[in-house]
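Once you scroll down, you'll see the structures, which are given as structure tokens.
Look at the two complexes coming up: subunit A is in both, with subunit B in one and subunit C in the other.
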Partner chain A sequence: MASVRLENLKKTYEGGKSVVNGVDVTIEDKEFVVLVGPSGCGKSTTLRMIAGLEDVTEGKVFIDDKAVNDLPPKDRDIAMVFQNYALYPHMTVFENIAFGLRLRGFPKNEIEKRVREAASILGIEELLDRKPKALSGGQRQRAAIGRAIVRKPKVFLFDEPLSNLDAKLRVQMRTEISRLHQRLETTMIYVTHDQTEAMTMGDKIVVMKDGFAQQIAEPLDLYNHPKNRFVAGFIGSPAMNFFEGTIAGSQNLVFKEQQGSFQMPVPREGKRRLKSYVRKKVIMGLRPEHIHRPGSRLPKGAKVAATVQVVEPMGNEIYTYFSLGKEEKQYTARFDAAVMPIVGKRLDVLFDTSKAHFFNTETEAVI
Partner chain B sequence: MVRNKLFISLLVIPSFVILAAVVFYPFVYNVVISFANMNLYKIHDWNLIGFKQYIKIFTEPSQPDFYSVLFKTVIWTFTNVFFHVVIGVSLALMLNQNLKGRSLFRTLLILPWAIPQYIVALTFRGMFNYEYGAINLMITKYLNVPAVEWLKDPVNAFVACIITNVWLGFPFMMVIALGALQSIPQELYEAADMDGAKWYHKLRTITLPLIRPVMIPAITLGVIWTFNNLNIVWLVSNMGEPSDTTHILVSYVYKSAFNYYSFSYAAAISMVIFVILLTFSLMFMKSSRATEPAY
Partner chain C sequence: MTASKAETSVLQKIFSYGVLIVFSLVALFPIWQVLSISLRPGNKLLSTELEMIPSGASFQSFVILFTERDFLVWMGNSAFVSIAVTITGVVFASMAGYGFSRFRFPGKNFGLLSLLTTQMFPATMLLLPMYIMLIKLGLINTYLGAVIMYSATALPFCVWTMKGYYDTIPTSLEEAARIDGCSQFEAFYKIILPLAAPALVITALFSFMTAWSEYIVAAQILQDSALWTLPLGLKSFEASMSTEWGLYGAASIIVMIPVVILFLALSRWLVSGLTLGSVKG
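And then the complex of A and B:
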């Protein structure tokens, strides 16, 4: 049972490469926190500093309000699950799981008891006598998780544990890890580059880019109130559409797309904040699920003339890629599967203006 | 299809011819003359005499004695390979750390291997010289030990040969071990760190098992090469001096054949060596399950 606090955490590798640039995060006891971001943004480095596998250049790591910067990994009471499982290849699953307990001098019957217990939680009792090479990817990952949970550590760290599994197994393991979290009631910190994993598993999500935490929030909060253009574009799939344009008007503000393809009224809630942007450039963001078929009933819809470029039927819905005017750029809409749009045809789509986000062109911060 | 086969044959034939000339023919010839009585007096008009040469090897007393040469060969091989592996793996472990000037050390340590054996052997023979050799000069000056008669005493001369060959042989094992070490995923060591493993736990549970599949074939090769290493014994001890007491099997074969001209006798001993090494290799590779991958 433990909280983890990162205070202005920084990491500069030899040679001056600065990878983590001051991260402040508080992870409450029993919380499931996901660090998510594109590859190379410093997620693993942050996690490895928490684990003690990487020296901290600046700042502090607290576990239960105790600074652990100088503690070796084994004394932090933390367990970590690695992307490539890191099972000892010549040991059986049992020996792999028991290894940490043996090194810590647990009595034999206690080891036996704990290993069996962990194996039954993970459904790998039958595999205990096998060597890792005789296991499938999913079984290996379970064994690796087993090795982490037998020690009953204060904090679990996961570094992209599912990225070597196939899509179906990934979904399955996702729910299994979530269930494990509910069952064990332990603090977990989970690193992934996959925003779906982050959204579905995290109590709290830290979106990272270039070694900075861009936003720390609950999943729905991130989705509904992204703090900047990066977070808006990173969270949600397919990704949010961005339109460049200017704000015009005096009493009733409108957003004018810069090529003149469309204009739309600014929602009432946004007026106060957008006032100072009149005659200035802004970026408008709208998610694919907030662009509707012509004729949909919307309280606040703006009709936009589009040309259908590509359609991707997903079964329950259709991803429709369209362009505006003479622009090359493509935008995405998510339509229900009722009628297939015709490629090359003009389509008057409806923008749900109440769902629009506006971003400052220079700072990319939300307005 | 037919053209294709012809083309393939054309490509294969040259190497096949060369192999036939330098491997198959000499081997068969060796087998044949081991059953004959070829020597200085009967170079051309030799006859097949059956197993007589083999019986002579195992039953007739000879100078030096066959069994003591065989015993010495085993000691020679075991000691050499043991130190090659221990020194080689230890150095590889050191070079695998993140130390400064690693590539310089690596190059320096491979040097013994890059110098022709002939030169190394003669240099060491010089260094083992009683009066002027560097080794005696050093041990008398720095260790305050009396000078050693390296090359005049049977045991010392044999030790001198072993020292020379250890120096020559460890880089091979080092290079092989280094390659194996570098292919071990770092994550394993990190997982062990989280488990609280000390360096010796990691050595025993990760490093050694994971370099094993690479080291076993290397050790097999090392045993064969060392068992058959003529140059060092021949040159350092100057053809088995003092008075044929430092021989190992190959140097004994060489001396029998080319100094004493007992060609058939030498051929028969060669066959004995061949059988010993073949049996060893098969058994060693099999019992160590060397071909099984680690993952």
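And then the complex of A and C:
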């Protein structure tokens, strides 16, 4: 039952370090929003300003249309799960979960009921009498989530809650948190540097870099229509390939790779937008899954001569790293697992030109 | 390979135990000496025999101490002053250390360095200026004067100890508490202070010991015999002609006891590592 709105939010730390440079985001009621970006881009700082743990330098934080800039964390009706769990070591799991309720003067039986309920949702009923140090990483994270959900806050904040878990547990907890979101129907704001977590969990994703929100969109929208080169390269794994080159031609535009390794026709949809770029440099982006084996049947394929450098069989598919001409730079393709490409051999790969993205070289914005 | 390893470790053990035993003997010998003096009958005080229990041993000195002298009064005075210093030390150091650990403010580093600097001067050097200061404040012959002096001596170390310990407690614990419903101060005393118990114990012990058996400062400030603390009382056994060594020994043994008890009682808290498991690990 709460929306969160950030209005031109800025943060400058003492010493003049400007970390968040004007973020505008609206998070709807019951929405699961992920803030994602490389380490140091200001995600945690943004989240901590929403929580009230960090003073806002400029701009406003609204929770339910009420400016909360001057409210202390305890009066914002939020809960937060930390990367390092932050369980109180001198209290049992029960006391940890009950702590917030006790402070708020809930009656004893209500506390008991709520703690048991939270524990059963998270499957940690047997651990209630243990101290945090007697728990495994996953159990600690569950206890920390228990402490958050027991108060039934308006907004949940998560700061990289899965980063300290091993890969398998991370995947498991990911679905658990998503399920929790469906069950509790509460607004959640989740910070991570992992684009997979962002893509799988978010209703909406805010991609951040250098203290700016680069793009705010639903996962698939972000994937299919990145607004700039950074977003294009950050979302998707393995990352998108980028080729520098120029646009040539008059009637039918072509993209000519800088080193002359290949040229390919610009898809019809892109012509209108690329017309003003003729004889100018652009960056072309193509995802690994849009580069195919020779002989694949594509409506619009451009044949490109490549040399296979490294192959990584993943079981269901093969990541193939290749180079063009005499270039050092490596590019990635995802092939089906049928035939293993031979390292060092020439391979005529097919670029799916209809899937190409073009970016302005200077602004890096999509064309 | 493994055999030689085992051998060196046995040798190492023998060596380290040997060293420990020698040092323990060195440390214990004077105490045993004092104990033995306190038990000697009056006519054998200056004997140099190395008897464990002197012949004709008696608790005479102890009895005299409690019945014919003001020993209990001195003990009460010492206890009062020491406990006051302990409380002052714990209250101020726990809060000052927290401030130094958690907040940025102008003069923070200067403050920390100044505290450290005070530790570089021997207390006797500060005696005269402090004495003059206390006269001007009218605090000579008051417990307050003594408590201020002792606290001033003990606090720098205590503040540093507390700050160092707080530094090891993750700030996310307080942040979690503040989100859970604590004010900044509640987060401090409900979450951080209990976790800092080992450092609090060291602070308390150190403050207590600073005052309990201190002589030089006490001799300047507490001149009225009604205010005497234990060390001053003990000194009074030293008359111009003869010293009552039996009483002296007995009193010394009793002075030692509370400190030993304190150490034993608090030793469990001196073992830190309480924060283990709160965070990643």
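In this text, the second predicted complex is superposed on the first by the 367 of 367 C-alpha atoms of A that agree within 3 Å, B and C clash if a C-alpha of one lies under 4 Å from a C-alpha of the other, contacts with A are read in each partner's own complex, and residues count from 1 in each chain.
We take it that a contact is a pair of C-beta atoms (placed from the backbone, for glycine too) under 8 Å apart; a residue touches a chain by one contact, two chains touch by 3 or more.
Please read all numbers here as calculations on a predicted model, not as lab measurements.
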Clash or fit, subunit B versus subunit C on superposed subunit A: clash
With the two structures laid over each other on chain A, which partner does A:Gly100 touch: subunit B (first), subunit C (second), both, or neither? both
Considering only the touch criterion stated at the top, classify A:Asn164 as touching first (subunit B), second (subunit C), both, or neither. second
In the superposed arrangement, does A:Pro265 touch subunit B (first), subunit C (second), both or neither? neither
Applying the touch criterion given at the start, work out whether A:Pro89 contacts subunit B, subunit C, both or neither, answering first, second, both or neither. both
Between subunit B and subunit C, the one with more contact residues on subunit A is chain C
Look at A:Leu53 in the shared chain and tell me whether it touches subunit B only, subunit C only, both, or neither; answer first, second, both or neither. both
By the touch definition at the top of the document, which applies to A:Ile78: first (subunit B), second (subunit C), both, or neither? both
Please indicate which partner A:Ala134 is in contact with in the superposed arrangement: first for subunit B, second for subunit C, both, or neither. second
The shared contact residues of subunit A with subunit B and subunit C are 51-53, 72-74, 78-80, 82-84, 86-90, 99-100, 103-104, 132-133, 147
Which residues of subunit B touch subunit A once you look at their complex with the stated criterion? 185, 187-188, 190-197, 201, 205-206, 209-210, 293-295
Would you pull the subunit C residues touching subunit A in the complex into a rising list? 104, 170, 172-173, 175-184, 186, 191, 194-195, 274-281
Contact set on subunit A toward subunit C in their complex: 14, 51-53, 72-74, 78-80, 82-90, 99-100, 103-104, 131-135, 137, 140, 147, 151, 164
Which positions of subunit A touch subunit B when the two form their complex? 51-53, 72-74, 78-80, 82-84, 86-91, 99-100, 103-104, 132-133, 147
